[in-house]
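The same chain A turns up in both complexes below, where it pairs with chain B and then with chain C.
Coming up: the complex of A and B.
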């Protein structure tokens, strides 16, 4: 019983971290209508950056975010500008291919620099644990959850309390109409992709501190993140958060109550089952009929 | 007349493929073309759903793996020894793939939006990979399964596999050709252009998509079985491999999605390129970088693929010629805009 309770708590905490990794994916889908296959790899790049700062220059991973977030922001800016903006026709297919290619290039480069070995980010709060009602929880999970809440809250404020956010939401609702009322959709798109990628740096740091990773981890990650955003409803931020929590709690409970072998399977099976009942995902709008 | 010429070219290509292994009989030479032919079949088959209807499946490698596991399990449980008989078992791989495609297609195609379809098909691939890893009693998990060794060997070893792949490739292309020129294929193309309009003019879009999905699983299942027999040992991560899907989509895309010739051309460019790249760079990471860069360059320079780009260029050149001729005979400058008025 206690074990199951513990796994629920851990599931919620790591769900927050996954939400932080998935929010970039759902944002760029909502605004750009692009499925960013490179998201998993961007998480890994963020993790490697934090790892490199920590192990070469002894910069604390949390402090290092002040460097890694802007770096990934610029990387996202570059990717959108160079590879996504030129796509005019057939955006669905082409964006999948283009971002897959970007992911492969980054995977190759990370492999060349850091090798195949699994690494993990270290800091004092990664190894320390505190006792909460008889449960030992590694500090990093609490810090990670708090950081996820703060950053997701910041994104929420940006979306709902700023002019940029209003323009962004207008673009999500109707791209053509947004152009017509004078919103610079191109600028919104680039900035959104850059912000989404920047956030991913924080998700990457937390991922790297809670999981051993190498460049190849990106496939595992992108498949999970895609399941999260489709379960939550594509383009919905709240959906991504709720879906992350549901997913990670189920994974952790299955892993404790049944067997870790099948825990990852839950990710995919749960998604497919929900799709049967509710094709638009938990929080997705039913597909509008085009006129 | 144009159709006759195309038929002649196709005939020459098939004859060349038949003669090839007798001229270049080294193992390396036949292996490269064996893989290319296998991918011609796979990509042409994928093209039936992905290219014709625009529903891009990133999970068709699941059928490849199903075919591979079918031949391994059937040969093992029925005690079928290695030999030509196993090629018949490979056909069973296609049947099993089709059986699985029924519920898979049923769920994925209900989603109505292409984005969700793409993601659910990705989920399929990973589900099957995990099942292959986890169902120890059936699949032997990560230790993989052996397929009986064929009873021929030596310099002749590749030949039967080569011709099996060739037959599969030719039949798959014929199937795609037949579908493309049928009423059914017309419905599929209408779905790609505008699904709602297609439904509006009386195309039963659901039945069309569903049928196309199931049909496209069959040759891929057979290809997976032939691959398994050829490599004589399979692992979950080599037959349920996301890279297979990437290669399929890229082959179809490189040549021109939705065209008949596209996937053939794409497979014949990509397969040898990929193998040479891995061979010369030693799979250290440079192969991924080069592959990715190549990929980006092609997409950004030729967003519709080789075949449509060439077709469009020759069409434009012809129009220009015609305009020039018209100019020479009747020098009226205002005739130009009308003659060159194709969509840019």
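Coming up: the complex of A and C.
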């Protein structure tokens, strides 16, 4: 097995999982103009839901997505209704404070219900692996990557092959103009946030299956997810996917080819370079020309 | 226009992600002399060290309960004033500055980890407070040479893994591992533990085939785990600070069908049920961890501590995290110092710190002038059949060493 090759493969596969966790964040920003600091905590909530289904009711985590995705969809619906809809002005800045508060509330609840111990989701495909040219690739990473492609593909179809998607894209392009042409922006916003949160359930399950976690795991997560959407371009779904792959592959390859000490630095340095050359991120929309 | 907002928002988000990891503040003054004896503590109740921080709080609270049942310190009830440091050095500095300067606590107890003990020690030194640390045994902590500090564990962290080296060397040459891989976090608690062990094993002919230091905040430890697999080492030494780090290595080892003959981790396997639930109970089998305490040890007030812990927090004796007795020992030592000096004056207490052998649930303890324990070292605990058992040294072992380690499940 070539170590660098192995790191590239595993980086790509785990990048897919991160994309699934980050896509909700980028969708929320694109449509609602909110920076959802609670995204990391929502991933943890998704992980806890899958953990609870598997531990207490012996429901397979993959099958459990049929329950956890709708549950988080409803949770997202509630969060948008209770906390984001009242924000009328300066939404970007205020949303950081409000969603951080939401994250703290959820963190407290998870801690109360599940305790402080680190837990992990167990299933046969978490530890199983297939041999590819001497490298064992864990089933969970293959499943995670496939799930990311399927779910992100479904969202893509929703965005570009449906009337809802057209309305959503119009809202992304110009919220005020969308209102003027009769689009129910409020409804679009609520549904988008709920869909984004629902998708997070899948990211959460994969996160919980590949990492031991507790309620406090959200802080590490949100800083990584924010970096991903900043590099990829805020509001861009494809950007979230590409940036996730760049982050994981660069970190993994530098770790094995050089040293782990510089692995995170290389990614951050790369992000800074991109921000200097392309402030809107890799796939973000360019700044509008002032007239 | 929308896109301009978007770019500004990107900067706001970038700043927010950084600010989320930070904190600040502080101011000082004198100490109180009436009412309850206030003991100020900064603990990691959130953030990366929250598992250990909360376990330490259990130990402190249990001691406070016990000492209050005995009439308190010098006839005054003990009151713990606890602040969350979010596992950050900045907040630790703020907390101890506030506890001493604003809250006017009489005494302070230490936080979790060497990383946070270093700033705590600097604040204690500035105000002349005695600081007993349940988890601050890195060389950097002792380099401060503060006479008011003491590390309340049986051995300095640099000696933590020497018992593992002695155990390996005691194995018959034909069975002994011939190669070893080391991977450690850059944390001041873990990193200093590995070089002394590496020197000892190299001298014994056990070859180092991989040695890597990784940043504690590394998002993905799969590459390091893969490199260990690639090295084919027969022994693995993990300088880990938390359960998730151990779990990340173990998960990759399982997926790659790699089982070393022997594996030890500096932290993680000592977390009782948190460890077994994270890696799976069956996969704990044969895992080693250096320890300074066990529930079955015949030490001062240990059986009382264990029974009270189980009554208050539940679980089983083997699942008690070692942080709790370490914190409880801090209280025991403080209690004995106060009783000996009949004083809550920190300068007086500091003098008593170095001329006494204290009785604790971890065994007798005394300290060098820089706060390092005089103790001879830790023992090795191994997970066997879902429980932890002392397997080294042989004169106190509760079970034979399980060697080689069985395959993962």
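Throughout what follows, the second predicted complex is superposed on the first by the 276 of 291 C-alpha atoms of A that agree within 3 Å, B and C clash if a C-alpha of one lies under 4 Å from a C-alpha of the other, contacts with A are read in each partner's own complex, and residues count from 1 in each chain.
Everything below uses one rule, namely that contacts are C-beta pairs under 8 Å (C-beta built on N, C-alpha and C of every residue); 3 or more make two chains touch, one makes a residue touch a chain.
All values derive from a computational prediction rather than experimental measurement.
On the superposed chain A, the two partners chain B and chain C do not both fit; they clash.
By the touch criterion stated above, A:213 is placed in contact with chain C alone, chain B being left untouched.
In the superposition on chain A, contact of A:123 is made with neither chain B nor chain C. In the superposition on chain A, no contact is made by A:243 with either chain B or chain C.
Of the two partner chains placed by the overlay, neither chain B nor chain C lies in contact with A:202. By the touch criterion defined above, A:255 reaches chain C but does not reach chain B.
When both complexes are overlaid on chain A, the residue A:75 reaches neither chain B nor chain C.
Touch criterion met: A:234 reaches chain B and chain C at once.
Put chain B and chain C next to each other and count what each touches on chain A; the higher total goes to C. When both complexes are overlaid on chain A, the residue A:29 reaches chain B and chain C alike.
After overlaying the two complexes on the shared chain, residue contacts for A:173 are found with chain C alone; chain B is out of touch.
Note on the superposed arrangement: chain C collides with the chain B stretch 116-124, while the other options among 8-16, 98-106, 116-124 or 332-340 stay free of clashes. Judged by the document's definition of touching, chain A residues 29, 33, 35, 92-93, 96, 100, 107, 219, 223, 226-227, 229-230, 234, 261, 264, 275, 279-281, 287, 290 lie at the interface with chain B and also at the interface with chain C. Against chain A, in their complex, chain B makes its touches with residues 54, 56, 58, 107-108, 110-116, 118-120, 122-124, 126-127, 130-131, 134, 196, 242, 246, 249-250, 253, 257, 284-293, 295-296, 299-300, 303-304. Note for the complex: chain C touches chain A at residues 1-10, 12-14, 16-18, 20-21, 46-48, 50-51, 54, 186, 212-215, 217-220, 222-224, 226-227, 230, 242-244, 247-248, 251, 254-257, 271, 273-274, 277-280, 408. Residues 1, 3, 6-7, 10-11, 14, 29, 33, 35, 37, 92-93, 96, 100, 107, 116-120, 122, 126-129, 136-138, 173-175, 210-214, 216-217, 219-220, 222-224, 226-227, 229-230, 234-235, 247-248, 251-253, 255-256, 259-261, 263-264, 275, 279-281, 284-288, 290 of chain A touch chain C in their complex. Chain A meets chain B in the complex at residues 29, 33, 35, 83, 86-90, 92-94, 96-98, 100-105, 107-112, 215, 219, 223, 226-227, 229-230, 234, 261-262, 264-265, 268-269, 271-272, 275-276, 279-281, 287, 289-290.
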